[in-house]
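You will see chain A twice below: alongside chain B first, and alongside chain C after that.
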Partner chain A sequence: MVATGTWITQPVAFTSYQVTLGRIALVGLVALGLTAVILMGELDLSVASTLAVAGVVMASIDNLALGIIAALVVGLLIGAANAFLVVVVGINSFIATLGMLFLLRGLAFVISDEEPVRLSNIDAGISFGKPLIGEFTPRILLFIFTFIVMHLFLTRVRVGREFYAVGGNRQAARDAGIPVRRRIFTGFMISGLVAAGSGVINALERTAADPTAGSTVLLSSFAAAIVGGILLNGGRGSVFGTLLGATSLGILQVALTLSVVQVDVQNIIIGSVLFIAVISDPNSIRAVSGSVRSFLRGGSVLSKPSVDPKEATNNG
Partner chain B sequence: MDVVDESDALPEDPSRTGDAIIEARGIVKRFGGAVAVDSVSMAVPPGEIHGLVGENGAGKSTLMRVLAGILSPDRGAVVVDGEELKAGDTRAALEAGIALVHQELSLVEEMTVAENILLGSTPTRAGLIKTGELKRIAAEALDEIGVSVDLDEPIGRLSVALRQFVEIARAVARKPRVLILDEPTATLTPTETDYLLDMLQRLSRRGLAIIYISHRIPEIFRICDRVTVLRDGRHVDTAAISDTRPQDLVDQMVGRQLALDLQTHRVPAEPGAVVLQARGIRAPGVDGVDLEVRAGEIVGLGGLVGAGRTELVRAIIGADLRSAGEVTVAAGGRTRRVAGIRAAVAGGLAYVPEERRTDGLALTMTVAENVALPNRGRLSRSGVLLFRKIADFALGLARTVGLRPPEIRREVGDFSGGNQQKVVLAKWLGRRPDVVVLDEPTRGVDVGAKVEIHRLVKDLADGGAAVLMVSSDLPELLELSDVIHILRDGRIVGTLTAEEADEKLVMSLASGEATVAA
Partner chain C sequence: MTSEASGEATTTSEAAARTADLGDRGGADPDIKRRKLHVLEQMANRGIFFFTAALVLIAALFIDGFASLENITDVFHRAAPIGIVAVGMTFVVISANYLDLSVVAQVATAAVVLIGVSNNSNIPMAIGLALLIALAYGIVNGVAVGVFKANAVIVTLSTTFIGLGLLRWASGGSIYFGPSDGPIRSFGTTEIGPFPLSMIVLVVIAIGLHFLLNRTTFGFLLKSYGSNRNATRLAGVNTALVVVGAFLISALGSTIGGFVLAAFSNTAVSAMSSGFDFEALAAIIVGGTSVFGGKGSVLRTLLGVVFVSVLTNIMVLSGLGFGYQQMAIGALIAAAVSVDALARRAAGK
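Let's turn to the complex of A and B:
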């Protein structure tokens, strides 16, 4: 919907699709990892900081391959630390990962000495930014690859499929013998790994790791997942939806930028799109129209006409 | 029946212990300071259906959750085939062949029927789900219990009764050796209940050990071989069903003499003016219904699950949207149209919904807070809640409905299932409503409390309230109703007065075997 609208008003977004794809891939990749966590009814606010830390860790190591591996391991460890706080210590994931957000951002500054760290192997970075197959840069290919892997994981792999049970009815999952804690660990580690991967890609493309990298990615990636129809309470959503969300937001953003719309106005528009997407979700549209109607008739907005209460409170 | 002293921790019948497939040995389970299960032992051999009865809060569900490894006991052990089970390990219990059908539905709404049936034991190869195998096993399990549902349908779209059967299919799919059912018939109609009981007998003949919890004494006598009574977390007695009389069982459960024959039909006062009037109601599942309820009258709605009774009452009170029809409430000299439920409630209507956990209660709030919710006006001064008043009010209601334990500062979610139902009732009864709409008011409520609740409903009607009640419990429907409308496919297919109605007539109308000019 958003995409077609944009296409009519701003064909240039499609002619410069490389930029557009790059933007989609940046936000979308992080959002794909987030999807795993949100499906279980948890949040991960630390993704953007993870991205920054992974970047500077990689850039601080001279050997490129070693640096990449170190960065990804850091991502996994951060995910595990988040999960530890949530599952073992028992802190609400919003708070736990909010703490991590600050902690890791600080850490990124400390490691990098508050300066962007240049890659020692600049050539690798430059060639990484070049199209590999057709017009697709490695970043876009990696995004597509991650999408496919995540899609298969959440639909075909038992562990991934059980994420839906953990988010949809945690007690039922527990009673059925699903190791809920282990699933939550897996989810956070996926999110951490994917965020770190984004950090690596970012640093490679820019041939330097910036400790402030990714600060706009956090909220955009949440927005992408939400526009994609995920339920923050868990149990409903898909990576396909997240892909659509990231795509439409990415196209919109590039189009707005190209038509020289100011950033603050852009934000207003993106915010409105978020509302429209959530309200026009077929599952919540009935709830919303019902509530509005009964509100106008003097009835209660709190009574949720014929829709599962979970949905109404979330989307309505 | 001979009451043997059961205070020692051994099962009373040593000859049975040897071949018992599952054994609870001196199980103790505390929640905070309160003891929910107090050194209970029981043993069940293969092929036996073992009844487990007791009042709400007696500890039945807690004991079963210990057996299924969901709770780990403070003391005691679960022994399967002579081997002690690892405490509080759900997987170990499942692998030992123990399957539990929970009192509260425990399905994942977004997942399909097939996925739910094999939740936690999805067949895989190298981590990948074997979809064909998944569906085959799920279909087999549904076949085994003789229920047909679309395997790819998300659970969220099924009726409560069908969900119950999916839960049972899930237990059966695990090829258990011990099947535990915690009040499985609470959400079922008589026909479905019959079906389930026959099915359990069939399963037990194949050597399955079954533990069966129910508040419906006739069911216990129909299928159980032995029965264990719990009271206040303690083991009272275990006896062969052939040595037991229903009255004994009830006396043991409540620990005093309870006159069951008090449950007689009230003599209704001359019914007053029409209070609730519904005309031409149409809504999803409801196909043009007219009905009226007079002051002081109890109108019952009978029918099979899926006949549209819940949909009808929800459309009448404005909880769900109607596509057509008009509803008026005439009370206090005023006639108003019922549009939305909030306005209806403000106008003196009380509604006790079918699904208490999602619709009726705030589970993380205390009993006092919950019962105060619809009575805020009376319990506050200039918008400020008066806590003393709330406490007195809540305590009074807790006594009226027989809440156990009567602790009004406890979170509702920590009460046993039947006691949660009592809180829902208490919440509304406190208002002295003009119109009372009850959907399965005594589901999961024990015999003693049921008598109490029935008395409350009769009192309400005697006090002039117009009562509209959905009930799948035939004796209850017959005992309370002055008029019974039978629904089928969203329409009223028969109307019976209290004198005309009997179980057979209601059932044959409901199933469509008989017809009566409505």
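Let's turn to the complex of A and C:
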């Protein structure tokens, strides 16, 4: 499905590969960080706000280097806070990071006084948007760099490989002596750090940090990770899949923009892609085929009473 | 003026306490083993009554302008649409499917359809169309989650974007203004004492849903599904129908919430409902419905709505901006869920 979509749209998007690459890089970077968390069967919805907070923090500190460091530290702290809620308190990661998404969005507004913060060092921002090597802007180079690091981390480093074990079967991982809690902490901190990094890049390129940044990134980055074939239950997936997902989505987006499709329609299309991707993973297919089989075998006895009250409310 | 104001506040807290009593009786399990409850469990079970009462008391005593008839009516006006959304969404939360993010799109769609379509044709047509859209939302979300076993957060995230995209595309993102008189306007402005008509609608819906949850087979199966979906499925229950039912109720609540919101402001625009998902979730969780599923009460959600609305009102009156309000609600969600999770662990579940 992904391949088909890519092939159909490629001719249009190919002519402007620079724009396409830039688009892929921002969404893809966030999605790469998410990969680490989703591999373990958890979810980090707070990435969108982390991006905004990191950008605002960086822009409100005058010294650029200090600002970047502060933003990245904030990202790590947010990741640690998420992991604390999930691991120590024991809240489901969907709800914990949802609360954080909201809290951090508020924080971004509070720090920035509800207005975009201008970067004090605009020159750095402008030079950041220019191609560094050949056609590649620093943003794309950073994306490629992160991709390689994440790939090596998840396939060559023991800690990274244990992510798969934690996601595949947590109890088995614990029995095998893997420090599951520490791995989850690491995963969330990677996700927070990468999201903060994307926030820094975003703010640098625009030479201003917008507290509302990242609201569309949420949808796209999840779509990228899930289209890329990562199982939400954890244990399966690779950064290559995420790269493929981000690439096909980025190309799709740019192709839609080039063919003058409104933003609203783009949202409809990307939302549909995410919807189809999430209901067509192997677990879902198995669930559906199972229920079809049991339906053919003659339905269930208790299904009838559950219909009546529902219809009653519909009428009333 | 002062004496009148304090009288107002007592009625509110009394009303809240009465609702609370009702909720407790409905939610209590007669078979539960009598034992000394852990302090965290106490907090998760009963905390909301004290917190709401304390918050209302503090607001009445220390916040200038809170305990005036005008302000309290305003709080009710703003609480009603969120409340109607929240009592509907409570069913999704009880089914252990986290939440229905797409209420944002549903509320906006219902509001725009009500004002936009009734301007061009008539009100029954508008209401009928909005209810059809609600049916579509409920079925799409419910089938994706119940039949395809997809994650509810991701499913409703994608339907939010699809729905809002469709709405903006169809409406061109324009603002719709209702006529200055007519049934919609008079519904939105009618007040009985401090209570706007919308608040009465909320209470009626909440009582209806309370009976649906506690006195019908569907409600029983929903709770059973929320606490252990595999056992429920193995008992021969058609679990897909239960999930679709939960999402249909959520969709219905959002649609009526959208009507109420449109009637109050007499305008409708696709961006008018942003934040409804989180505020409704905060109200549900603060009310004591567990995000782990299986346990919850509609009337407690009502109390949670009072808490969240009063908190927001206090912040507005104290001049704290949008950012602070968002932070407070985010922190509220995190705190309430933490108490629930820790209480569960203390109870050894």
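Annotations for the structure displayed:
Here, the second predicted complex is superposed on the first by the 259 of 316 C-alpha atoms of A that agree within 3 Å, B and C clash if a C-alpha of one lies under 4 Å from a C-alpha of the other, contacts with A are read in each partner's own complex, and residues count from 1 in each chain.
Note that a contact is a pair of C-beta atoms (placed from the backbone, for glycine too) under 8 Å apart; a residue touches a chain by one contact, two chains touch by 3 or more.
The structure presented is a predicted model; accordingly, all values stated were derived computationally and were not measured.
Judged by the touch definition given at the top, the superposed model places A:Leu104 against chain C, while chain B stays out of reach. Applying the stated contact rule after C-alpha superposition, one finds that A:Ala176 touches chain B and leaves chain C untouched. When the two complexes are overlaid, the chain among chain B and chain C that reaches more residues of chain A is C. In the superposition on chain A, contact of A:Leu219 is made with chain C only, not with chain B. In the superposition on chain A, no contact is made by A:Ile122 with either chain B or chain C. Look at A:Leu66: by the touch rule set out above, it reaches neither chain B nor chain C.
Residues 299-300, 302-303, 305-306, 308-309 of chain A contact both chain B in one complex and chain C in the other. Contact residues on chain B toward chain A in their complex (touch as defined above): 68, 70, 90-91, 94, 100, 102, 106-111, 115, 119-122, 124, 127-129, 156, 170, 284, 318-321, 339-343, 358-359.
Put simply, chain A touches chain C in their complex at residues 43, 45, 85, 89-92, 94-96, 98-110, 114, 211, 218-219, 222-223, 226, 232, 262, 264-268, 270-272, 274-275, 278-281, 283-284, 287-288, 291, 299-303, 305-310, 312-314, 316. The part of chain A that touches chain B in the complex is made up of residues 156-159, 161-162, 164-165, 168-169, 171-179, 235-236, 290, 293-294, 297-300, 302-303, 305-306, 308-309.
Listing the residues of chain C that touch chain A in their complex gives 98-99, 135, 144, 147-151, 153-155, 157-162, 164-166, 168-169, 173, 208-209, 212, 216-219, 221, 235-238, 240-242, 245, 248-249, 252, 278, 281, 291-292, 321-331, 333-334, 337-338, 341-342, 344-345.
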